[in-house]
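Per-chain residue numbering starts at 1, and chain names A, B, C and D are given in the order in which the chains are listed.
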């Protein structure tokens, strides 16, 4: 548990979350969401929760990314805000 | 002072991340953006539970024969990890339900913007 | 209206950060959550899981034992929730396809 | 999906990777007693190995690997394995999901709990795999492109 490492990961988490909410292209938002999940898995492993980190890396960064891409392609890709 | 900071900054970041998720739900018009905000809020709650299960100088929750189990401070607390493990998987299943509802709405009304939907429903 | 929403959100964040300053230090082994006995003098379950998991199920990974043995009815409920979520996707989109035809 | 472009390199890479991801998924389920892993993670890995072929190859090719019809029976099988384990423990004289009473001869109660956890994790893995594939299949329904 190194708190400097965790602080850096927290700051990148905030940046990726805000970019995922503010960007115009929804596909970019989905990719930022995947990066957010992977950084969160890194943070869980740094905190010692290896099982939760493994689950988050498989599900949040793998399966949720595929489902988000499918829903973006089935509907529209552009958004106004 | 530094000790107070290292003991509490994780809570502050968790609160800020939760408020980013609530901001996405409250202010964004597009329904996919609202779903992304919901996912961020969900993960921030998981992060709070994992961060309160932490102990300084403790090892992970797999038993090591060299580390005695009598001293409880040697191992992390396994109960919040278990609860959050199931919460993540149930979260992705319910997100799948949200996605199917989004596709059904788009097939019927042709848009995902909140204002246009309210006009088309009436 | 938008300004009012921002004010409510800022107030929410301020109250939560003010409240979080009274939480115990993160990672302190003397937290009430990690203590041997609670304030009502009953044993705390997390310590029991750490100490007796290997003797009860011969499994080194404590998370697996808590998931599969001590809290197995909870896990069964979660599995039923996942199963129901899968069935709901069939129901929602099948009704949609019938309307198109 | 709508804008499909046929690329043999992507298809070949996916077909090369998919069996190894599936093997790793079964390893994660079965070795979950000694290392991080278990039913939920292993089931998600199995689903990822099937979804990889479905994304890269399209509906017609992926029906050779795993047919869409058997999603619902496989999910039901997973729930049934979990529930019947509990019912067998009740019939043998214990409580619901009390693995120490399972009727396997020649083992002490602690090892019976070891094998009971293994059985229910296989059930959880089957359910999670089938449900994640089922959500994907219902979302791309009607977009047969390959």
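One rule holds in what follows: a residue touches a chain if its C-beta (ideal position, glycine included) is under 8 Å from a C-beta of that chain, and two chains touch if they have at least 3 such contacts.
The structure displayed is predicted, hence computed values, not measured ones.
With chains reduced to the mean position of their C-alpha atoms, the one farthest from chain A is D. Chain pairs C-D and A-B differ in how many C-beta pairs they share in contact, with the greater number at A-B.
One finds 24 Å separating the Cα centroids of chain A and chain D.
Note: centroid distance chain A to chain B, computed from Cα atoms, is 11 Å.
Note: centroid distance chain A to chain C, computed from Cα atoms, is 20 Å. Multi-chain contact residues of chain B, defined as those touching 2 or more other chains: 6, 10, 16, 23, 27, 51, 53-54, 56, 58, 61-62, 81-82, 85-86, 88-89, 92-93, 96, 99-100, 103.
Shared contact sites, meaning residues of chain D that touch two or more other chains, fall at 34-36, 38, 40, 44, 128, 131-132, 135, 138-139. Counting partner chains per residue, chain A shows two or more touched chains at residues 1, 50-51, 55, 59, 63, 67, 70-71, 74.
Within the complex formed with chain A, the residues of chain D that make contact are 1-3, 36-38, 40-41, 44-45, 47-48, 51, 55, 132, 135-136, 139-140, 143.
Within the complex, the chain B residues that touch chain C are 3-4, 6-8, 10-12, 14-16, 18-19, 22-23, 26-27, 51-56, 58, 61-63, 69-70, 72-73, 75, 77-79, 81-82, 85-86, 89-90, 93-94, 96-97, 100-101, 103-104, 107-108.
The residues of chain B lying in touch with chain D in their complex are 62, 85-86, 88-89, 92-93, 96, 99-100, 103. Chain contact summary for the complex, chain C toward chain B: residues 2, 5, 9, 12-13, 16-17, 20-21, 23, 25-29, 31, 33-34, 36, 45-47, 49-51, 53-54, 60-63, 66-67, 71, 74-75, 78, 81-82, 85-86, 88-89, 92-93, 96, 99-100. Per the touch definition, chain B reaches chain A in the complex via residues 6, 9-10, 13, 16-17, 20-21, 23-24, 27-30, 32-33, 36-37, 39-40, 43, 46-47, 50-51, 53-54, 56, 58-62, 76, 81-82, 84-85, 88-89, 92, 95-96, 99, 102-103, 106, 111-113.
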